[in-house]
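Structure, as structure tokens:
Labels run A, B and C following the written order; every chain starts at residue 1.
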Amino acid sequence: MIEIEHVKKSFGSLQVLDDVSLTVNKGEVVSIIGGSGSGKSTLLMTINGLEPIQAGRILVDGVEVHAKGTNLNQLRQKIGIVFQQWNAFPHLTVMENVTLALRKVLGKSREEANAIAVKQLEHVGLGDKLRSFPGKLSGGQQQRMAIARALAMEPKYMLFDEVTSALDPQLVGEVLDTMRLLAKEGMTMILVTHEMAFAREVSDRVAFFKAGTVHEIGPPEQIFGKPQTPETASFLKSVL
Amino acid sequence: MFNYSFHWRPALQALPQMLQGALVTVELAILSMLIGVAIGVVLALMRTSGNKYLDYLALVWIEVARNTPALFQIYMAYFGLGQLGIRIDSFVALLAGIAFNNAGYLAETFRGGLRAVPSTQARAARSLGFSALAAFRLIVFPQMFRAVFYPVTNQAVWAILMTSLGVVVGLNTDLTGVTQRFNVLTFRTFEYFAIAAVLYYLIAKFVTLSARLLAWRLFRY
Amino acid sequence: MFHTALTLKDLGLLAQGAGWTLMITGIAIVGGTALGTLFGVFRAVVPWWASIWLGFLLDIFRSVPLLIQLVLINAVFPMFGMRVSPFTVSCIVLAIYTSAYCSEIVRGGVLAVPATTRRAARSLGLTWWQDMVEIVYPIALRVMLPSWIGLTLGVMKDTALVGWIGVVELLKQSQILISRMQNEPLFILMIAGLIYFLISFPIARLGARLEGRFREND
């Protein structure tokens, strides 16, 4: 379970997160929607401790992320994250991209790591690209590789940060298919997304972010069907 | 154990003469840059002329300048030309050596500058009705100038540092030469050369900072 | 017919000089790269206000002529009653001089690795150190290698100055031969120049090739 309690964060005078509270239960898929600059992506970074916070707290399975004694490297193995810019490691093959953390962080042998990598890469449809370098792949393929890289660590949670917004339109579908598969398999997921139809389809709950806080949250039928506040309604009107 | 007593006062009394030397240093650097830029432009044009022989000739100059020590190039001017019957003093030899070096490095810089402006820029300008000359002057040259500005100022700093090599061929009027003159008279090596180091540092920084200031004024885009 | 007073023994002396040139270059590059890497990484990872003093210090070695640095440091050791050979002084000065340039190359290389890539590495649970070794170092190496090769060649050519404080390297040896055989400086210099060129040119070409290939891949 991920519990976000009254989190605040600012960059200088800019209040990016303003008293955010959100609980994500095991097996749940929560989508975060909202305009750009509303703090959605920053929230994801705070969950695995890549970004510090100034107030409130975040608990992952009861462990406080920003507490002093927390072993972040250990915690991060539980939380997979995929970024908008897919961030492939350009000097490593597709296979090595996936095995690096398995070997260096989890201490698995090369054979073990390779077996896991093959399985995950086949899962996302890259079984024939194991020896390629990322530079030779399309954006969609690189993004699926990034998903496989995160999944190989067997995380309990997956965070997706606008993973399709840097992709060419014709490549979006293959990445969404991969995520749909994950949701079906019962993975606990938080996704920041601009793909409203997709959010509506896979989410258990949808949170509308505005001005650094959760403005409205509810099942997709509520948010997309009968939004409770005029702000939510007008945002949806602007994007649909 | 430290057993040296500094004698700064006599060294500082030499400051006016050392500043005179610094002027000669600056003069050498400026002259070598002017000659180097002029020859560098010619070499770059020869490299891009399409004529095999011109290209090859320029390439030899450039590769020798870039792949041998500057001091070697100064020796060539000082000792080498002498054998061919061209007797030149150490000032001219130093100037020739540094200018030769500058030209070799700047030629490559200018060649890069020529390539940095896409041909579509000139075409776009011509299509607006500019003459070829006006298109070059107003559109192509400013962009080229920006591309080479930083490497050229870098070379200017190198030119200043290279002038210190004159002392090796007996020059005694530039900053290092004057410093060495006092050093030989007094054996207060550290004091005199420390002052020279400070002066060189100030000259080099003056060039870098003015270049930065100029770039900031010139390149607003 | 071409006549020269230059003997085989003199050619041996030139070769010996070239040996010293290479030796000093090697020591300066190894020492300077180690130091420069340390300085460069430090400058890249700590906030600017914590490393500005180091940046200032290293900049001095890039703004004062090498000849002056050699003479100055050569004069410092006797002040402490230490007798240090010109060879050792040359190696020390050139290593520091090299590190001043190398630190900038390393700093640039580290900063060229996108912050987002490093973030992705850390989010997989890699430690700071693992991120440095497995991600930053290999990516930065491509950026740094061409400049580093250029630096090596620059230092090789700069060793010509250590003759001034009494190390008989290649150029100093040729100068000695020139003063001994008054009438053929050009021939002797051309041999020296050829040796420098033969060391430098192939490596310079390799550097250019590497740079071109890296650019293609990006």
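The rule we apply is simple: a residue touches a chain if its C-beta (ideal position, glycine included) is under 8 Å from a C-beta of that chain, and two chains touch if they have at least 3 such contacts.
A quick note: this is a predicted structure, and the numbers were derived from the prediction, not measured.
Inter-chain contacts peak for the pair B-C. Across the assembly, the mean Cα position most removed from that of subunit B is the one of A.
Comparing each chain's Cα centroid with the centroid of every protein Cα atom identifies chain C as the most central. Centres computed as Cα averages put subunit B at a distance of 20 Å from subunit C.
One finds 55 Å separating the Cα centroids of subunit A and subunit B.
Chain centres here are Cα averages; for subunit A and subunit C they lie 46 Å apart. Taken together, the subunit A residues at the contact with subunit C in this complex read 45, 48, 50, 73-74, 76-77, 79-81, 83, 85, 87, 89-92, 100-101, 104-106, 135, 146, 149-150, 153.
Those residues of subunit B whose C-beta lies close enough to touch subunit C in the complex are 1-4, 63-64, 66-72, 75-76, 79-80, 82-84, 157, 160-165, 167-168, 176, 189-190, 193-194, 196-197, 200-201, 204-205, 208.
Against subunit B, the residues of subunit C that register as touching in their complex are 60, 63-69, 71-72, 74-76, 78-81, 153, 157-161, 163-164, 171, 174-175, 178, 183-186, 189, 192-193, 196-197, 200-201, 204. Within the complex formed with subunit A, the residues of subunit C that make contact are 114, 116-117, 119-127, 130, 134-135, 138-139, 142, 217-218.
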